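Encoded as structure tokens, here's the structure I'll be asking about.
By letter and in written order, the chains are A, B, C, D and E; residue numbering begins at 1 in each of them.
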Amino acid sequence: GGSGEVPQKPSKPVTLNVLDVAGNLQLTQGMIDDFVKQHPDVISRVTYSKAPAPDLVGKIKAQQGAGRVDIGLVLTGTDGLSAGAEQGLWEQILPKHKDRLSNMDTYQEPAAKMQELAGDYGVEVTYYPSGPLLEYMPDKVPNPPKSAEELLAYAKANPGKVEYARPANSGPGRTFLMGLPYVLGDKDPKDPIKGWDKTWAYLKELGQYINTYQTGTTATMKDLANGTVNIVATTTGWDINPRALGTVPESAKVSTLKGFHWVTDAHYAVIPKGASADQQAAVLQLVQFMLTKEQQAKAYDDGYFYPGPAVEGVDISMAPKKSQDTIAKFGRPEYDALIKDNPKEVPLDNKSMVAAFDKWDREIGGSKVKK
Amino acid sequence: MTGGAATGRAPTGLSLRHRLAERGVDGQLLLLVPAMVFVIGLFVYPFLYGLGLSFQPTKGGGAFADYQRFFSDAFQRDTIWKTLKLSIPAALFNVLASVPIAYRMRGRFRGKRLVTTLLVIPITLGTVLTAEGLLNFLGPAGWFNRTLMSLGLVDQPIRLINNYWGVFFSLVITGFPFAFLLILSYLSGIDPSLERAAATLGADWRARFRRITLPLLAPGLATTFCLTFVLAFSVFPSAILVGDPTGTTRVISIAAYQAAYEQYDYPFASAIAMIMGAVELIVIGVVLLWRSRFYAGSTGGKG
Amino acid sequence: MTTLNPTAPTTATGTRRRIVASPGGWLVWGAVVLFMVFLVGIVGSVLVNSFGTRWFGTWLPEGATTQWYSQAWTDFSLMSVIIVTLEVAAAVVVLSVLVGVPASYVLARRDFPGKKVVYLAFLLPIMMPPITYGIPLATVLYKFNLAGNITGVILANLVPCVPFVILTMTPFIEQIDPAIERAARMSGARTFAIFTRILAPLLVPGILASSILVLVRTVGMFELTFLTAGPDSSTLVVALFNSMNAAGIRAQQSVDAMAVIYMAVMMVLLVIALRFVNPTQLVAQVKEEPEP
Amino acid sequence: MSTPTTFRELRLDGVGRSFGGQDALQGLDLTIRAGEFIALLGPSGCGKSTALNCLAGLLPLTAGSIWQDDKRVDTLPPERRGFGMVFQNYALFPHMTVRNNVAFGLQMRRLPKAEVTRRTEEAIRLVQLEEHVGKLPGQLSGGQQQRVAIARAVVLEPSLVLMDEPLSNLDAKLRLEMRTEIRRLHQSLGLTTVYVTHDQEEALSMADRLVVLRKGSVQQVGTPEELHNRPRNWHVADFMGFRNLLPATVAEVRDDHVVVAVGGLRLAATPMVPLSAGDEVVVGVRPEDLTVASGGVTGGGSPAYGSSTGSGTSTYAAEATIEARVEVVEYQGREVAVEARTPQGVRLHLRTAERLAPGDTVSLAVAPGALLAFARGDEALPSGAPVLGDASEPATSRDGVLATTGGEVS
Amino acid sequence: MSTPTTFRELRLDGVGRSFGGQDALQGLDLTIRAGEFIALLGPSGCGKSTALNCLAGLLPLTAGSIWQDDKRVDTLPPERRGFGMVFQNYALFPHMTVRNNVAFGLQMRRLPKAEVTRRTEEAIRLVQLEEHVGKLPGQLSGGQQQRVAIARAVVLEPSLVLMDEPLSNLDAKLRLEMRTEIRRLHQSLGLTTVYVTHDQEEALSMADRLVVLRKGSVQQVGTPEELHNRPRNWHVADFMGFRNLLPATVAEVRDDHVVVAVGGLRLAATPMVPLSAGDEVVVGVRPEDLTVASGGVTGGGSPAYGSSTGSGTSTYAAEATIEARVEVVEYQGREVAVEARTPQGVRLHLRTAERLAPGDTVSLAVAPGALLAFARGDEALPSGAPVLGDASEPATSRDGVLATTGGEVS
């Protein structure tokens, strides 16, 4: 049981099982390994497991139901975080242990907003402005659509050539969904049920020219790469990383829609209820360590979560050489300005997001099937 | 049953034994115990838990609220038909295609091992490789469409994935070897001298197959159909990967999955899963009823 | 059976006919060939992609590389994952046959009150999707300290596999002449000896078929394995699903490489299974060639 | 369990078995003494195999009990009874060679390897299958399979061996040899044997006692002589070779015989049950007990057949001759089987070494004491049994294939 | 295909079949005329079923061909030949009732429903299974199953019907009845029949011609009389009931018989092949041809047995008597089977109606013309065959179970 007093330092070095449901280890595993190397007295061994976010809840539930939690740290996105919180899976870290997490004070401004979304359960470890962006092949689309209207017109003229993935399964998909109310000037961009009339109407119309809603961004990227479609929804990370990996041609370009706001995204560290006091102590030390500038620079990675660092003042020059090279080759200079010049919004809270997904599934995704 | 005279002669304990013997109760039934222990110990309790959960809807409204919710919502209800529309044809196809192939491969002939192995290979692929392969191979830029187009047979790639057919193909690729292997083994258990007897009675291969082999194979066919059907009915990854998961291939397991893992509404997910089980049970019940009309027993030796 | 006999070359026309010749035969073999072509296409395209650098709308990728394999190998520490997979698969196959075959024997041979209920009890675990019982099952196993390690994975996988063996073996046993067992009893064989000496050899094709299918199910079972596995007891399919589904961006080729590794492991297992149980038995028949 | 349990006697006490309400065997009481050779005999479907299976423990009883001395054994599973069995349909292990089929039981008793080999080889030699030891049952001829089944059962030298028509698929020569072997085994090993056969001769020559079954019930238990000479009822007689069976009426009761009226004739018959004048009876005589008194008279015509109505003497040697015309002659080597018909249309079966031809007229005599009289009972004479041509006789007629006549009392 | 193909003759031309290099059947030449009744006869494993299966088309030939008039049929599949077959192991359809098993072939010929029903019922009546029409084969006794197999084959009235030991599991009475039915069907429908049996009597009484096989080769083809009276070699004789077979040497050749020296005796024998003095031969006599000349002499002793060395006459009725002591007596109803031994240790088998007992001394005579002389050939006398006690005779000895002696020429 972990509800007892959490010591500053574990009584003896712990074995830490880390479960990543957000793909966050790609950015942070180096930080954790560094910590273990430097503090063998705190963490003697780490194991990593990865899982899809939705399955996490079941796994933790089963362990908690039996009173044997063997996972000490979960790395998750907003969805897993709030779903777990609703199910009462997470240890409440804040404000109880705020004093041990002083580096949280150095969050950059939009990242700090994302931390607010986490409530008292998670500590933000990486952040990026995400999207919505459109990615296209310049040889096929010489004049990319510049506004929502142009996008619709393009889709109408080229049926089946525009694509975005099912929002519930795709970061770019959901960013596109949540970003549209700002682009279209909807009544209440935070209320998908009552405030998104224009968005829903727009999506419905757009849907007439979409063949399939893929379940996953990867599939849309593949469609873009092999010429099945010409325009897909993307984010900064989904733009840079796949081109670096070679799954999307290097020549792909991105554009934005007139009047767009960034809908930001972040990853969090959470501690499952039932983790031992020693483990909690270790995790707190670890997270504090991860939020140092030096460690945060590793979050540049290969552009997967571009830029990545949650804290202020981490420059690409601080990143490992490999990151710098990749970003130099596949990054886009225009991103700096785009990020600087456009407003940044936090995503929907989990309840609204689930409601939006459900509405999308029924009315947009399922619309092609007669009831 | 025990005749009056015999009952008079034998003490009552004995006649009870006689009666039990005639009903088939004796020590041999103990062979069931290990399997029952597994099922009861590891399945029945968790299953009843899930069943109980399905009667405790998150949103309240009475024990059956989640069931009502499912059936009153066309978006959910339709998943049953979509699933049946996929799984029954796929299971039927797998079984029906296996039968003639297995029938032709009963005896011994050169190369049989090779052909059998090749037919069974897809079993090793796994859903992911199958899905990836279908996407790569049948996709608009895949080898299949490229071949068709360079042969001039079509000028637009034909759409074989991300729709009903993609899922159907995937169910065939993964389900056929499974059905084939089972049917080949059931077929191998049938005494070939029966077919010979039928041949001397003037039955050509068609009649031999229909009147002798098929009825004797029926129990195996029923089982194979049930198992392939169950696999096809709970199709999940391929419905998403190569199907059209928001539309025509939004199968019932997707509905359950979304309830459980996207909306975290476990009671509703349990209710959907129970409905899923009930639908399967109905189909299987019909099949087993059909099966019970056939002979099940030894096919060897004299008689 | 009237099949080709190497010593019957001259006039054995009646037998060859069954393998090819008739229009029905051509149709069947045509279908088989078509199936094979699809198979080669499917496996081949994944295989090629997994060794490709980048592949956009051409016949073949731009270049060849093995980086996806080495990357997958280290990313998911596949060595230990594969070992766990093999252990789990072997244990589940052996246990489910040992537990399942005796039960199917009773179901095939005996009529007893309550047989239908027992049959239903064995049907349900196969029919019910693991989400209905997976979490409470894992809870139970964790409670008894049986989950979070390889034992839990094995036990959880037995839940659908034991009934699976029972369901496939029951019709198979029904086909075997019970007089043979009676003869064995008269020779003094107890039930155990009847199983090992008489039934087992006769059941080999059936057991082999269902073992292979159990193997496939076990190696391919994501949910129950995921829910009951600890950090050191995940199997290949968990790694594969994670590589595909877990958040993050991975190259398609890398997923394909994982899928190929998965297929390779399965094939090795299949070959071992066929080795372990006399391979000719898969094609040899219980009742082949009894001369009248 | 290396030595078979021995016993003094095995007692069947009201043993019965029914299938779905129909009795295949009922009320079988029988005490088998150790070392005895019992033959179960009876028409097809009469319950012989059922009885054997009950004894073996392969079919649970639905009535009665079986006792081995004072121990009840019908509740023991077959493998604990230590009996051996030769199955009617062989039930060989299809996946084992002849050698392994035979060795199986010995291996089950965990005998030393060398002994298993020795005894297996001995048993295989016994059934003359040395050349086929390595074959699978599927590669053997019917008779060879049957011999494997015999070897498999006797190799165990069980305390009781049950044999279900073990020689039915063997040729006469081999059958004779196997008979001798089985007898020899029976005697030298002291095996108690229960032997099912459809072959009267086999039963008569091999068994100490015969049990005749009919429709699941015991008809008669006795020594071969008893059964051969004094069948208890006409069903047994029918089965024991009295092919000429015909309804008659008791006309007179004498000291040691009765005079019966049959088809207009009066004949002396030995009563098998107490009879009084006027009783409806069935009389029977074997084909070989109808002797040809005069040689074949070539040429047809229908001579009035002699019929002396003698009376008063207590000896009743068949002095009267019955004339009949030969209809069918079947070659059987040394003898011929003849079907003849009297002028009244009564058909008779006889066997004779004389070379008769269809159309011949013969005079027949009944061997002395060979005509037996039985109580009629409720049942019609068996289908296919002799039927009196005389329309006044109430008997079912089936195609008139077989019919019988009688001579007369001197 | 509603009417069976008819033909004038069916010709087997060097038909052979081997299993893994071993010939189960070789060089079978046989012409079967339409309407003929042929019996295949021979010891267990001699290739009878193989021959039948080759004819039916169930086993591909490995040599030779089969011609139906001028049409070659051995390349046709079984269902195209239109032959009927009764399998030795029945091969009943386990999932069909008795009725459906029998009706199956008729349905295959697409006969009208009413006719199917009528003919099915008739066939079932024929085999006396009316009570069991609704049962599955697994619920029938062995003999009942066999009868279903018969009904299933004959109901089709095929142009050629092949029967593999169709009566082996029936009791004598039923066997006789079924024999008659099969003969009747054969005659009334003009069915050509090839009939495998292990029962010499059955073969003799039913068939027009017999084919005796041994180790896959034809030994003799002929009418029942030919086979019974003039077996071509001692193998055939052995099989046709000459239980007393013993090695001898031709001492003298006379006009119509030879004198052989056997175990110190000189006997007149009928030569079956041309013989000259000094030839090594085998002589054979049937048990029933050894007649008891004098009644049983109670009490032992070893009297020198009479041996008259008569010569010069061409008749050779067995005037000489052989004395022997009775060793084993088997009850067989009317007669007993006796094993007796001469003072020289030669064992003899005989059958007699006299009531002998072990220990009795009897005088035996050989029936006139009943002793046949055959060429010896290379092979040892069959295992289990009579063996001369005389040590000078080169014959394999097997437990000395059987032995023979001879009388002498008058």
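Convention: a residue touches a chain if its C-beta (ideal position, glycine included) is under 8 Å from a C-beta of that chain, and two chains touch if they have at least 3 such contacts.
Protein identities per chain, from UniProt: B = Carbohydrate ABC transporter membrane protein 1, CUT1 family; C = Putative spermidine/putrescine transport system permease protein; D, E = Putative spermidine/putrescine transport system ATP-binding protein.
These figures come from a predicted structure and were not determined experimentally.
Novice: Minimal path length between chain A and chain D through chains that touch?
Specialist: 2
Novice: Kindly indicate the chain pair that has more C-beta pairs in contact than all others.
Specialist: B-C
Novice: Between chain C and chain D, tell me the centre distance in angstrom, where each centre is the average of that chain's C-alpha atoms.
Specialist: The mean C-alpha positions of chain C and chain D differ by 56 Å.
Novice: Nearest whole angstrom, what separates the Cα centre of chain A from the Cα centre of chain C?
Specialist: The separation of the two C-alpha centroids amounts to 38 Å.
Novice: How many angstrom lie between the CA centroids of chain D and chain E, rounded to a whole number?
Specialist: 22
Novice: Starting from the mean Cα coordinates of chain B and chain C, work out the distance between those two points in Å.
Specialist: Result: the chain centres lie 15 Å from each other.
Novice: Check each residue of chain C and list the ones that touch at least two other chains.
Specialist: In chain C, residues 2, 15, 56-57, 134-136, 139-141, 177, 179-180, 241, 252, 255, 286-292 touch at least two other chains, as defined above.
Novice: Where in chain E do residues touch two or more other chains at once?
Specialist: 19, 49-50, 57-58, 77-78, 87-89, 91, 140, 142, 164
Novice: Which residues does chain A have that touch at least 2 chains other than itself?
Specialist: 55, 58, 216, 222, 226-227
Novice: Over in the complex, which chain E residues touch chain B? Could you list them?
Specialist: Within the complex, chain E contacts chain B at residues 1, 56-58, 77-79, 82-85, 87, 89-96, 104-105, 108-109, 136-138, 140, 142, 145, 152-153, 156, 162.
Novice: In their shared complex, at which residues does chain C touch chain B?
Specialist: Residues of chain C touching chain B: 1-4, 15, 18-19, 24-25, 28, 31-32, 35-36, 38-39, 41-46, 49, 56-57, 59, 98-100, 102-103, 105-107, 110-113, 118, 121-129, 131-137, 139-141, 155-156, 158-159, 162-164, 166-168, 170-172, 174-180, 191, 205-206, 208-210, 212-213, 216, 219-220, 237, 240-241, 244, 252, 255-256, 258-260, 262-263, 266-267, 269-270, 279-280, 282-290, 292.
Novice: Going by the contact rule set out above, which residues of chain B touch chain C in the complex?
Specialist: Going through chain B, the ones touching chain C are 23-25, 28-29, 31-32, 34-36, 38-40, 42-47, 49-51, 97, 100-101, 104, 106-110, 112-113, 115-116, 118-130, 132-134, 136-138, 141-144, 146, 169, 173, 176, 178, 181-182, 184-186, 188-193, 196, 205, 216, 219-220, 222-223, 226-227, 230, 234, 237, 253, 256-257, 260, 266, 269-270, 273-274, 276-277, 280-281, 284, 296-301.
Novice: Give every residue of chain C touching chain A within the complex, in rising order.
Specialist: Interface residues on chain C, with respect to chain A: 53-54, 56-57, 134-136, 138-143, 145, 147-148, 223, 226-228, 230-232, 234, 238, 241-242, 245-255.
Novice: Enumerate the contact residues on chain E facing chain D in the complex.
Specialist: 19, 41-46, 48-50, 88-89, 128, 132, 139-144, 146-147, 164-165, 168-177, 180, 198-201, 204-206, 224-225, 228, 238-241, 243, 286, 288, 330-334, 337, 383-384, 401
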